[in-house]
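Report on one structure; see the data block that follows.
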Amino acid sequence: MASQILPLELIDRCIGSRIWVITKGEREFAGKLLGFDDFVNMVLEDVTEYINTEDGVKKVRLQQTLLNGNNICMLVPGSSGPEDA
Amino acid sequence: MASQILPLELIDRCIGSRIWVITKGEREFAGKLLGFDDFVNMVLEDVTEYINTEDGVKKVRLQQTLLNGNNICMLVPGSSGPEDA
Amino acid sequence: MASQILPLELIDRCIGSRIWVITKGEREFAGKLLGFDDFVNMVLEDVTEYINTEDGVKKVRLQQTLLNGNNICMLVPGSSGPEDA
Amino acid sequence: MASQILPLELIDRCIGSRIWVITKGEREFAGKLLGFDDFVNMVLEDVTEYINTEDGVKKVRLQQTLLNGNNICMLVPGSSGPEDA
Amino acid sequence: MASQILPLELIDRCIGSRIWVITKGEREFAGKLLGFDDFVNMVLEDVTEYINTEDGVKKVRLQQTLLNGNNICMLVPGSSGPEDA
Amino acid sequence: MASQILPLELIDRCIGSRIWVITKGEREFAGKLLGFDDFVNMVLEDVTEYINTEDGVKKVRLQQTLLNGNNICMLVPGSSGPEDA
Amino acid sequence: MASQILPLELIDRCIGSRIWVITKGEREFAGKLLGFDDFVNMVLEDVTEYINTEDGVKKVRLQQTLLNGNNICMLVPGSSGPEDA
């Protein structure tokens, strides 16, 4: 079997670094990853929340935040969010 | 492995303090965290409920309230709700 | 760990008293709690059902009623429903 | 712990009697309960199905019918359906 | 405990006979039941599929068909479908 | 118990033959079945994908394709797809 | 039992190669597969994201990306995405 990077490994390497999280709803988050569990519930710090509204993208600054892994679509480790893409 | 803050640890530290809870529906809650379980069902006290309606945000004061963890998107420990952001 | 009130404890203390139940659909219920199980399926008695319709809130009186815990958003123990808030 | 009526107990007492079942879709059922299992899948007989359509409530008579418990919102044991409320 | 008919018993008795299956989407099926499993996935033969479209009910004839039990709302054993009701 | 054809048996017999797969979204697939697992995730080859769009049915040719069993509504073993019905 | 290609086998063979991933939302991804787990959470590199919007398809370039397997509809191993079809 070719060597591979397992999903939880990828997240684990990102602890202490920036990460961009896209959820199933209209919300995206960029922040520093402090921790996570097997259900990919995630603890972020120094967070910017991007909310897609009919009037464009609304940005909200948050302190420590816990995201429900069940609601996450995708993660981009090392990215500072949609403005970085 | 870098030291990390696990999701349930973050919630546990918040017992007795204020917390802002955003659910998958149109409802948000701010209140004092009294307890929680492994499914992140949460008991809050001294609660303000924010309901997003077509006519703007409706606020409802509640006593002790139990929230279904299955329906929670995100938590902001230490925050007094959307007016605090 | 700070002393806390666990979710099922909160419900257990409410047996024999009034409780307000908000579901994921357009329905809310207020009634006397007769019993519940680990999935938070709930047996209520002396129930008023509040159905949000386009023409306002419709109220229906029910005898003993069983609610599917899977469909519940939040509980407010000790409350007699939305008119009490 | 106060004496309580457990959800499955309530259904079990209803075997052989009338029951009103409201599902997550636009369908309600009233009939005689013949049996059920741990997932609250239910076998009814002598059934009237109420389908909420844009043109009002459509009624359909059915023989023995099996309902998927996963799709059930609430049960009203002893009731003959919405006309009885 | 009063004698009852368990859900899987009801389906088992129907093997080799006609059955009407209503799913959560806009599709209904009538056919001869050849088999099923514990998840109520069902194998039918000699099938008529009824698809509710804006232009009325479209009927499609199918050979052996496997239905995902997860998607089934209700079953009417012994019925030849909506035209039989 | 009458002899029956179990769901996974029906699929197993179809390995190496054509199969028509209808999913919960707007997509249908016809192709040769190469393999499947207990969750009815399916590997197809020589695939035609039918996408229902507002401008009619769009057809896309695909090589080997893996379908998420969780998203499948129904299977018609031996069929070459909607044009065959 | 005819020899077959199991779903996880098909993905495993694709490690180090290009893969096209279609999710339940409006997003598709093409990239190099670096790894995956039993829930088919997937790590991709050198990624192009295709977002279906009312104004047509928006393309976003991403570095290493983790996709939630729960949200995946289908995979086309060896494909470079919708432009390749």
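Letters A, B, C, D, E, F and G mark the chains as written, and numbering starts fresh at 1 in each.
What we mean here is this: contacts are C-beta pairs under 8 Å (C-beta built on N, C-alpha and C of every residue); 3 or more make two chains touch, one makes a residue touch a chain.
Everything quoted here is computed from the prediction, not taken from an experiment.
Counting only chains that touch, the fewest steps needed to get from chain C to chain F is 3. The set of chains touching chain A and also touching chain E is empty.
Residue numbering at the chain D/chain E interface overlaps only partly, since under half of the positions present are found in both copies.
Centre-to-centre spacing of chain D and chain G amounts to 43 Å, using the average Cα coordinate of each chain.
Rounded to whole angstrom, the centroid-to-centroid distance between chain A and chain C, based on C-alpha atoms, equals 35 Å. Mean C-alpha positions place chain A and chain B at a centre distance of 19 Å.
Residue positions of chain G touching 2 or more other chains: there are none.
In terms of which chains touch, the assembly is arranged as a closed ring, every chain touching its two neighbours and no others.
Beginning with chain B and continuing to chain C, the ring of touching chains reads B, C, D, E, F, G, A. Listed in rising order, the residues of chain D touching chain E in the complex are 12, 15-16, 23, 25, 27, 34-37, 41-43, 60-68, 70-71. Within the complex formed with chain E, the chain F residues making contact are 1-2, 4-11, 24, 40, 72-79, 85.
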